[in-house]
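What follows is a pair of complexes built around subunit A, which joins subunit B in one and subunit C in the other.
Here is the complex of A and B:
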């Protein structure tokens, strides 16, 4: 599924309270994400893109780019989001 | 001159009618209504009710807005020995019928021609009693008789009718006067609804008792100007309102300096969480000094439990919670958890013992049994703590507390952060569990004052601002921030945020279906 890298950067920035997020930023080390924030990022991405992300695979995610790849290869969720036409 | 030890509200009013018959009980639309007129018309209405076979202990609904007729109806019902049940006048027929069923009422007093048309419920109006005599044989009313039922809205379940006795009401009137140093020289200015406890007891029964001047206004807050103008014109010294009304005033009055409110000695801020920012900003905008005092109370303790001291600076703790002061005379406050009292400084459920405590909910022994703890204490459902000096801090509602990653967060802590942003109209924090591994999370719903001003990138920046500010203040990031259109957050008729309702509307997709969510789109 084709997902814009910039879109993932913005979703991450929104959860973490950062105006600017780069693809190569490391979520924990550079952006200060804690484990609960990572869960919230995953939920946000799932709801936004209508995908189901494998929790076990999030352990290998370090950078925002890794996260983008994970979302891109995630299967569509059984339930589509309420308003899939809109993206933020 | 004060009445001499009245044992019932009727003795209080009768004595006022004799002591100061021509004095205005209150001013309504600038017209005085004297104590004698009030007593005579109430007696006439009581005679009318007795003629309709209303019997002692019968419940009579009163569906009237602020104004002279409310008092004629209210005291008329009491003088007939019956129990008054004030209801929100804008309630629809379904709610009126439901309340009538709950308390077994078969009569409602409404404005003339404003029949509710509900089967089994007779509608009468105060005007119907015009031809009645004031000299009937009125039943005896005892101090422990229930004077009125205060229905508490309760965000879940059916409303509960708190039984308030004459004895409890008079006890609380004395506590309020003593606790806030109120005197007969005070001038009360109130727009609070008289069909609700703070407006009825603090802002009318107390001045009636004192024989103090009372300027009564309609309840509409669509325009706050009449409130400010009345304070200014009458040199008002005492007023009261929930926090949101003071906040609203700050937003609506651009030229605060054009209003002179410096006559105010006591501006009670109570009935919902008190925000330090409100006190600070209101006093600074209007040039007041320590007039805004935070208070705490609940219908189950009649109305007032504690307040700050007029003239003393507010006390704010490290979490930003404003102290609601020491408990009033003869009131004992305990903080409990799992049925045991906690030490000073520990947060738990607030329990209150007072001579003004209710004896329970009308016709509801199950909820009544749940209400009490230990030796005559009522459980308030509010969380808070006492400091070493016995000052009470209310931190939130037990049921609204948010568990976020093991941290306990009170909605108003997060709301206070958002509300300080100049572009925010109002905000509400609730705990949302979407069913994922993250568990319950703090979600912040933020209404923008002027949503038309922002494009998508700017909305993104505003949301980021909120996340940063919450993190700086509370040390945690919200699970989600939603930016909403104005008026999207559900509130009660009194303007209190309905947190449970908001949570439900979010989870059911109702907010989005109403196009209330501006950002983000998921």
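Here is the complex of A and C:
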């Protein structure tokens, strides 16, 4: 899936309340993200791009660029029907 | 608060000191070790065959690479120091793996075996070899490793055992030369440090007063004269693990807070059977991303700190409210810089705890260290299980656990003392924890 790196930078900036976020910024060291911020970033990216991010893979994420690569290779999330009784 | 802006400087070899004084948390660990060995035991469960000679060679290669594996500690009264290049080879004891649970007895024994600080090294290894399987039990003195560096070291050890080059390979000559506290932000040194300490002490006194006021009539943790560390490895099934990850994202609560809440709820039901009880809880924080220079993950050293929280736990209360309360308390402690202060002040705090036994530090302690992304295949053998346990003492938590995500499952390594409960009691709490989690995610 093609996801814009700038878009991921913007999402990270919005969650962390930062105007400028660069691709090579490290989430914890440079941007000061705490574990709850990382969770919020993952959730925001999942919702925005309709993907399901693998928890095991988040352990290898250090920079915003790593995060972009992770989101780009994440599978699309299964769409849960609003009312399971009415599925075709 | 982003603080980490520089890379770890390389000090010219001539300027490297042959020794350095222990820092706050390291001294606290030494003080604790005088009462009870303060070790970290890691158990690696292998399928397949690993020749003891390959393990010996891998340990030697690791020791050549890591200065802290060649260090000892000279305990010169109030000024104990690390002495580099002073230790012998990492001991390797070989034995027979008699049953699939032999490693548990070995790990419990290792938790209670003190290191010879003066002789070093502060790591040793046992290999229980069976037919087409084996268990490696590695013991560290806690002051030379934390969760991050231990996982990297284990990955390097297994790679070397398989005849592969370790993933890192960077320069580690600076390892051990600088303690975490030397890299703390400026507001945690000098006059500003004194001001921060005063605020921290004030919050601790207020927390203690709150705890005492609300714990009237509630069972107090018992302090026995002595107790032996016992372990209980627990694995949450993949389906529950997946459900927990989904719930974590839906509720915006970290897995650390969710698992801590489940443990506290289960402990409250088993050990504090009143309608509500305030519990003390210890959470662990990684300082590596929070210091002034990048500390490589494969650089050994104890870059962690412990923060104590008090939380009201209600029997059959709202689980997610409890998890959020733990998350918020942890967040407050992080924002107020408690992680730095707790590190620096830990020798005094530890003396106080050991002196006033009624201040049993926490009823529970928990740490989720995230995914342990180690390869599983190593040629002639496979890593099928990974466990880690830190020592505890009779003035420490009644129930504690380290958890990680490994091979798609949450692995929760529980530690308790035999003076607090028997194996059935520990299992009951672990089952209660799983039941709480299943109830919260259904």
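Criterion: the second predicted complex is superposed on the first by the 79 of 88 C-alpha atoms of A that agree within 3 Å, B and C clash if a C-alpha of one lies under 4 Å from a C-alpha of the other, contacts with A are read in each partner's own complex, and residues count from 1 in each chain.
FYI, a residue touches a chain if its C-beta (ideal position, glycine included) is under 8 Å from a C-beta of that chain, and two chains touch if they have at least 3 such contacts.
Being a predicted model, the structure only gives us computed values, none of them experimental.
Once the two complexes are laid over each other on the shared chain, residue contacts for A:40 go to subunit B and to subunit C alike. Contacts of A:29 after superposition on the shared chain: subunit C is touched, whereas subunit B is not.
Contacts of A:10 after superposition: subunit B is touched, whereas subunit C is not reached. Judged by the touch definition given at the top, the superposed model places A:48 against subunit B, while subunit C stays out of reach.
In the overlay built on the shared chain, the residue A:60 is in contact with subunit C alone; subunit B does not reach it. In the superposed model, A:19 makes contact with subunit B only, not with subunit C. Across the two superposed structures, the residue set of subunit A contacted by subunit B and also by subunit C is 36, 39-40, 42-43, 55.
Residues 405, 434, 436-438, 441, 456, 460-461, 463-464, 467-468, 470-471, 476-477, 479-481, 509, 512, 519-522 of subunit B are the ones that touch subunit A when the two sit in their complex. Considering their complex, residues 26, 28-32, 34-36, 39-40, 42-43, 46, 55-60 of subunit A touch subunit C. Residues of subunit A touching subunit B in their complex: 10, 13-19, 36-37, 39-40, 42-44, 47-48, 55, 81-83, 86-88.
The touching residues of subunit C, when paired with subunit A in their complex, are 1-5, 245, 248-249, 252-256, 289-290, 294, 327, 331, 334, 370-373, 405, 408.
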